[in-house]
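Scrolling down, you'll hit the structures one after another.
You will see chain A twice below: alongside chain B first, and alongside chain C after that.
Coming up: the complex of A and B.
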């Protein structure tokens, strides 16, 4: 019994690191441009299908495919911001929600037209490898890889935001875009770069999540909702809050599937999400930074 | 746009279209009559949603809950408890209205931002679908079959396809009238004032809570009635068809492409896109599943970037410019300014 709990906890922490990593992408985009991207999860799906195509055509391992999908996603992110999002930023929040829902529709159904509705598996070198922590606590190596890479990249992101001039301009725009512009910061450029970076994160996360996960065109909304829950738990723009939120969602999901059965267990994350939005919109960590 | 809509409603063009719609069962083939019936369902939903989102500016992504209550609960009441579906429709509408009032109260009490409101209602939609899937009473994941239609009006049976067409027609007409009435009564002015600037509206004495609750209750009850009517047409109800968040997202796209906040926008948007989507699906569904949704997605992006007030407003502007002696209509310019 205890082993099951340990297993669920560890598995939740491992997957939660990747959730937190994806949510950091959404968080930095939100912090500089106030945009919530409702197609965030669908781009994770797109990344997975790109990796799948690279495997089926060139038989590349998903981990190697990231080297190709990453630049593609960075360009997609920059183009999406400059030509679709930027013209309507500041017009009305609803417009951005509707526009990104439209992008989500295009991706979901475009993938459905190309790949069909069957879940597709992509094999990887590490897929079958297992790590034995104790006799009965067994972990898939792919999850450990995803955990380590996500945490390292989250640290890199933290360093970028807090120790570089680019990070300072990001934080300046978050505090006051107009004042930042008056200080000589090119607001549009910084916002475009953060969009590109946020999408780059999605390409990496898609490659990390893919081994062992069957890809399906309709799974994007689920990732979007998970990501939204994580950044709301984290207080939208709080770096540590978001990482912690990722762990919380990952662990509660893993424990929920083991211990809580039925619809109450499945509704739990949404209920927590609603209560958080109502009573603690500033997130689990008090200080919003 | 309001006066434009009224002008349109009193014009012979409208009554020609209205007459064509009423007589549809006489000249349409059964297949296209079915398409028209589905279009009427979405027109009703888009118009009901328009009351809250278009006129009131509250972007609810949770309206699928009300469709689910209307469709699933009324069917379950009939099949499990033997309650007449007319009464079931009223019960479902009352429950939906109560849920709507609760959501509106949450919105007011916690002063939710547009984003938080959209997210919370989306979470309610997900929970609603899960609850419906898990509920034995509502038929669970396998759904419920309504008893065959014997054409007995007292039992909410309308005698097959033609009757169901008129049922959906009447229900969506009620939604249309509700929109027109709200736009032309104080409630509509309050709602638009709240949409454009909530603090300013409150400062000049608009009762936020009261108006939010009334608008949401009307919208929820109408959505629920559309759900019951569609359940009768479809003859089979399940959570994936009635309570899925996807239903709301489709309605959002249709209404926005047509033009939010107006009466004709959601009507024309939903009507045109559903018919178009069904025809594309019928022709190419086997080869390219999802093509019609793909096109809808492209359309909404084009509309938002090029004509943010919707296709219908654009056409109306063009129409006015052609027919008015003055090249520039000051009313439209003023309204464009307030909308953005």
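Coming up: the complex of A and C.
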């Protein structure tokens, strides 16, 4: 294998872990409440701009800023669910799609008003550090950090879902909300906490992706679309499917950028996505859980 | 122990329960009878907090729980084994039982009550790590009852426990119910099968089109012509 391919593969796997992690946030929210949040990616952008602000005002490193943006996002997630989304759950699926799309537009244009349309860079202590895998395969340390943290947190999430009472409540609500209520589970509270956790994931992902990535108010849609592709490929609520879907999209994006020129290269993940839907519509893995 | 008085409930403009009252004493096994659409399910959904009553009151051991959400009612001590069992199919039997004891009052003794249930239903014990969705209908009913018991209820409500089961399995399940009753558990049984309900419950209530038309000892209810009328619409 030539070095460029190895480089693209590794880089794709690294970024794919974070895609998978973001998609897990969307997936757990969907699994307990049936809500697809179309502003998911825009909250990643919001997280990035919060980190940028904390850097420009307090010169905080994005990794450290997560300690501040995480609780903020947890509160945003809980409030958003409790006061905006929950009142219209069960009215019509389209209402929720419109609502979250509306939130997406407010975020995009709000950020545009405050920060303008110029891509903004936020420096980090690790940004310039490089890892030499071989002489010609070079990785940015920030990507490796994002990969490791995403995978560790995905494992923590898996443990939470499968080994704790809270996780069992989440899965019970996914399988049958009425039966879950009859068990004595406070369904509204679990859904609110899950939303909060899903948003917390976005705050962490934003901090992980920011070093080396110029932030722009309009970039959220791309993250939303990537996330949607990942969870559709993964099978909506299939934990391992979603993680695998993240890798698949990450790798196809990296390979597309290297081997196919310009705009065509950026279409690569979408092409793979369409092919997967055509030939394996049930998702990468068969629905297991 | 359970006191329901002048309960009214409905869905939108459709009134389902009309001034329904019901009393259950500690340790009793009471059956709630009636034809389809008589309002039996609505009544017990009110008791479990799934349907909010429009007026009237419900209390358990003197605590008024009218309008409480389901999880607080479970914590108070009312547990429902729902119609159609509603077990969690993609979880193991063990996990289903753990979820049964998730309310704050039952949590400290969850292990002990799980062991009790596994003694009661040895079949569940043999399949403890099997996915609940792979169980037979009868085994699922055992699991649903077991799950309800792990909640350590003061009052156990069973909604149509014989539905869709073989006669042999029905016998097995009802034998366990009698055993539980004899051990002192208070039970409210909703049952389509008239003879079955009358054979096991000491007292009965009969609902007809949302109103309580009859209540009394099972032996009296059995011979009352109004029971037939409520069931067959004669």
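Everything that follows uses one rule, which is that the second predicted complex is superposed on the first by the 268 of 289 C-alpha atoms of A that agree within 3 Å, B and C clash if a C-alpha of one lies under 4 Å from a C-alpha of the other, contacts with A are read in each partner's own complex, and residues count from 1 in each chain.
What we mean here is this: a contact is a pair of C-beta atoms (placed from the backbone, for glycine too) under 8 Å apart; a residue touches a chain by one contact, two chains touch by 3 or more.
Since the model is a prediction, treat every value here as computed from it, not as a measurement.
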* Asked: In the superposed arrangement, does A:56 touch chain B (first), chain C (second), both or neither?
  -> neither
* Would you check which partner chain A:118 touches, where first means chain B only, second means chain C only, and both and neither mean what they say? => neither
* Touched partner set for A:98, first chain B, second chain C, both or neither -> first
* Asked: Is A:165 touching the first partner chain B, the second partner chain C, both, or neither of them?
  -> second
* For A:106, is the partner it touches chain B (first), chain C (second), both, or none of the two (neither)? -> first
* Asked: Does chain A have more residues touched by chain B or by chain C?
  -> B
* Asked: Between chain B (first) and chain C (second), which, if any, makes contact with A:136: first, second, both or neither?
  -> neither
* Structure fact -> Touching chain A in the complex, chain C uses residues 48-50, 69-71, 74-75, 79-80, 82, 86-91, 95, 98-100, 102-104, 106, 147, 151
* Where on chain A is chain B touching in the complex? -> 36, 84, 87-88, 91-95, 97-99, 101-106, 108-110, 112-113, 116-117, 217, 221, 225, 228, 232, 262-263, 266-267, 270-271, 273-274, 277-278, 281
* Asked: Tell me, which parts of chain B touch chain A in their complex?
  -> 53, 57, 59, 106, 110, 112-116, 118-120, 122-124, 126-127, 130-131, 133-135, 245, 249, 252-253, 256, 288-291, 293-294, 296-301, 304-305, 308, 340
* In their complex, what parts of chain A are in touch with chain C? -> 165, 168-169, 171-172, 175-176, 178-188, 289
